[in-house]
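There's a structure below that I have some questions on.
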Amino acid sequence: MTIRVGVIGAGNIGTAHAHNLATAVPGSTVTAIYDVDQPAATALASELGCRSTASLADLINADDVDAVVIASPDGLHAEQALACLAVRKPTLCEKPLAPTIEAAQRVLDAEVAIGERLLTLGFMRRFDPGYVALKREIGAEGIGTPLMVHNVHRNAAFAYGLTTEGTVTNAAIHEIDINRWLLEDEYARVQVIMGRSGPDTPDGQRDPLFIIYETAGGVVVDIEAFMMARYGYEVTCQVVASDGVSDMGDGGYITRTTARVRGQPVPEQWIGRFRDAYRIEMQAWIDSIRGRAGPTGASLWDGFAATHAAEAAVESLRSDGWVRVDLPSRPDLYR
Amino acid sequence: MTIRVGVIGAGNIGTAHAHNLATAVPGSTVTAIYDVDQPAATALASELGCRSTASLADLINADDVDAVVIASPDGLHAEQALACLAVRKPTLCEKPLAPTIEAAQRVLDAEVAIGERLLTLGFMRRFDPGYVALKREIGAEGIGTPLMVHNVHRNAAFAYGLTTEGTVTNAAIHEIDINRWLLEDEYARVQVIMGRSGPDTPDGQRDPLFIIYETAGGVVVDIEAFMMARYGYEVTCQVVASDGVSDMGDGGYITRTTARVRGQPVPEQWIGRFRDAYRIEMQAWIDSIRGRAGPTGASLWDGFAATHAAEAAVESLRSDGWVRVDLPSRPDLYR
Amino acid sequence: MTIRVGVIGAGNIGTAHAHNLATAVPGSTVTAIYDVDQPAATALASELGCRSTASLADLINADDVDAVVIASPDGLHAEQALACLAVRKPTLCEKPLAPTIEAAQRVLDAEVAIGERLLTLGFMRRFDPGYVALKREIGAEGIGTPLMVHNVHRNAAFAYGLTTEGTVTNAAIHEIDINRWLLEDEYARVQVIMGRSGPDTPDGQRDPLFIIYETAGGVVVDIEAFMMARYGYEVTCQVVASDGVSDMGDGGYITRTTARVRGQPVPEQWIGRFRDAYRIEMQAWIDSIRGRAGPTGASLWDGFAATHAAEAAVESLRSDGWVRVDLPSRPDLYR
Amino acid sequence: MTIRVGVIGAGNIGTAHAHNLATAVPGSTVTAIYDVDQPAATALASELGCRSTASLADLINADDVDAVVIASPDGLHAEQALACLAVRKPTLCEKPLAPTIEAAQRVLDAEVAIGERLLTLGFMRRFDPGYVALKREIGAEGIGTPLMVHNVHRNAAFAYGLTTEGTVTNAAIHEIDINRWLLEDEYARVQVIMGRSGPDTPDGQRDPLFIIYETAGGVVVDIEAFMMARYGYEVTCQVVASDGVSDMGDGGYITRTTARVRGQPVPEQWIGRFRDAYRIEMQAWIDSIRGRAGPTGASLWDGFAATHAAEAAVESLRSDGWVRVDLPSRPDLYR
């Protein structure tokens, strides 16, 4: 069974999701795109070989749309989610669910009334290998019971027009979710500290913010949210626990400090280290057979040259010094 | 068009390739498995919902096999590759092409006679994001012209029964290929230095080896190949060039040293940092809709809780101190 | 002129100071030790070849005491500092000056009345190469104007009997001073957040603390002070500024992130890298001449062996392969 | 007893040694400087408050010269060392002992004839905290028995006029010595591999070199010696052993990889982390008392301000939110 997906929103995130569904996720296909910006919808649809729809309702109700992705502006999420729930289609809705509690409540009530979990929120960090590894650090096998979590979320320049409130509801919302998920705990109270603002902060706004949550379980979660940090994009998370500390640095790597050692795990086998390489290799090979790309990967000539070089090295095992590598000239087929 | 693949070999690598084709690579499906160990082939086929074949020829000649993966023991690669070439099917053959130049030459002659590039060698490191990034480091935009390359290839314990020659032809063959590819240069000569061996080295064998190639262009490529390194698996590569040095460390991260700074790139945007998370999120969502996994990702309740926490933080922007987060109790649907 | 120093306190810090003055600081000598624990004072004095005094007054007033180090318990600092001021002797007083503002005020009034700066506080982090380098990061040549500073101060187990207040007045006092010094700014307000405590926290106490200062200039300074962190000792400081971020990690190394690069400085010359080695080498050589240590450093034989090895390498420059190193047998003098 | 030292050579290294002896090494004083460049000798002597001598003999034979430092050009070391041995004065001679075995042999014979170890070679890396820590890594408590050592020695631009031979005898001589010292083993044979040279290599010379030694015990020691590396100065050393690998990176930090973890040691206590800070603090304090520097370190005002800030934090322990820090205005004495 292939899931036929309709995508609402042809902006950055909508386009990224549509491409992933069409080219990198087995079992799915994209059948329809909707955007209030019709040319954008048409262009993306054409690129993916599907159609664009004239209205939101056309997409949501289409027979060949089994599931929906909502990647529209934040303020539209709740209303569109309600429309998807009304037709009982599984929906992945970008974060946030809604900028206000009132709107979020209406969607929650609707799904509870249906009695089936149809809506998934796009908090994609829960699938990030870095955060997944960080969550495994917590507990008896790792660093013990969490006491504090220090989060950093910096953007080189905030894409959406910086507002102080938007820093919370659009950006720090990621940390709000991921710390709940990491700690499996709910928040009890919060305060935001606003110090001196950086030079790129628009008039009337504040940036960076320092947001501090206390959870019901007593964990202090602090978040530096700095939207105009100039130097680049960076997300880090440090969990301070009863037996040690784990840092998720840029790139998702985990550094664990316990018992006098600050360390990074070394894999036992090559499969872990080159997992992505194996998948990408297969994808490239299949794409080239399907005619979507030219010959790719190592050719027979490359294998032949490697065998030549290896045999010379093997010969050197039995001598003491240099052995020539005599590679014949390359056939035209491999030029 | 979906490419129907037959996989020869149901061992570690064959199983990994078959799983990738079946579950992670759009556009492909696995239709047949062959292994001399028939129960292994049957078990893998059953897991993937395809058939196993009684003979190699049955797999290679099958009408529903468009392309073949060869993941058998090293000594069988050349012969099986010739069989695949004979029926003109695109084939991905695990490295090495052959342990001897003579066998490699026969496969090369066959493909040249056909005049079409049908065989791809499984040098998957060419697709590793680490090596791909390292190759981009070379040249005028990066560290300049390469002068030396220092490679390390260590295994905790060599899986295949360590022999000194096998270290070259089965393990270091990866470095042999990847340095040719990095440098776009051929090897001119080689020597292998064998010092004191480690404590786990089998009688009559030598480990580690220090292999040194000189390329036609004068680059010195050294490879420490240490198959019984005990501590874990590690692959590193350092390119020393005219304007600086780039290191690919474990995990594939690049550290570039030029002009008095040793540095790592910081991304400009979140898309790069969380690319994998977006893909994996979509895969998980589609898999749950297809019924291959239960509900996954953030639920509507998670989105609702995040909105609650964010709204309290927004309220705190206007006060000076703590604001309570009053989350209602969780509906049963989300327990 | 050699400064003759009297040291009050023969505990950990007093002993460390006395040893530094006696053996590592040119221009100083230790002439007297006082401690209420007389045997401790006598033992340290005997080790250093000086005398211990029967009373504090004896030490402070002694003619052969030009300057005083106060390394007694925190509660005695203020009173002893007043005694030293009374005799107008330069004094280095361990931190804190006093646990209460009232006591601190009396010392301040005394020195102001004298009109001469005689007292130095033992905030030794101001001399730590790491913090010194971090301060150089701030400003136009570095990361720009500071906006936030994140500090971490962790002890494996607090030496002095943990109390929540002591965490502030004895431990976090270091961060309190060093951030004033880094920022050249005064504090405007403060709050301490106490979440869940760790498992080694004594009954009735809280640990870790999260201390947040706002400076007059609007910089947010947060300090995680975790006295029973189990895993080890760690002090880090991260300055977040208008153009980038600088981290002082364990060991004092600076990582600066600006303009899409996270980097560490590479020295231009060997002098910087091996500055300590040169000083320690000279100290070891002088100590051996003075008969305080046996022969140390590289012997003439080591120089001879190096010349042998180098000459063989030079010969290899003109050949192509191995050259033997023929070192004669080692004379008995060097065994 | 204070050792009165005469320094031969007023260049970079001679000046550095003279300054260390005069200002950073207790127990020593510099009484005489000699250099063929008389104005250079006079200038350095004047800076240190000692005399320069008209001839080498005047310095070596002077009654107020107890010990000699030889920091002249490489080719003069052997002859000057013989002159110092003749008068039985302890001598620290910069590396190398001599560029040729023949000259080195004469010095060795002279000291053996005397029967007393008077000469120390200036291989200062033996005192570098990085190499000292690396040597502790070797053996049963650390990474086990060494099998290979990978060394890198890079200069931004070679100070002395690059010659291929000089790279060995003047620069790589450091690695030649330090690997003997690390391994406590002698070299058996050597070869030098010269690949493509970098763009700054003078005509007729080769750079970088790849130098490979095998020790009597069978350890392979390779050295990349790259004198015109452009980007900066860097020295690294990686010991590959039976149970793991230890890296000494730039700055001397040790990273040990064993048993699936790549880690760096975390100190148990603050004394280790801030050892240098304590020494430098004391030196600064003594220097200011001696009138060699103005007031330095934290003033009484700094201690007072810290007590104010701490007391406000202590008050905050008992409240829930912000507490003001009311620092009085700063007395003129501390402006």
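Order of writing sets the labels: A, B, C and D. Residues in every chain begin at 1.
By definition in this document, a contact is a pair of C-beta atoms (placed from the backbone, for glycine too) under 8 Å apart; a residue touches a chain by one contact, two chains touch by 3 or more.
Fair warning: this is a prediction, and the values are worked out from it, not measured in the lab.
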By mean C-alpha position, what chain is farthest away from chain B? C
Ranking C-D and B-D by C-beta pairs in contact puts on top C-D
Express in whole angstrom the distance between the two chain centres, defined as the mean CA positions of chain B and chain C. 47
Expressed in whole Å, how far the mean CA point of chain C lies from that of chain D is 21
What whole-number Å value describes the gap between the mean CA coordinates of chain B and chain D? 43
Would you mind listing the residues of chain B that make contact with two or more other chains? 156, 231-232, 234, 250, 257, 260, 262, 264, 266-268, 321-322
The residues of chain C that touch chain B in their complex are 257, 260-268
Can you list the residues on chain D that touch chain B in the complex? 144-145, 147-148, 150, 154, 156, 193, 195-199, 208, 210, 212, 214, 217-220, 222, 224, 226, 229-232, 234, 240, 242-245, 250, 257-260, 262, 320-322
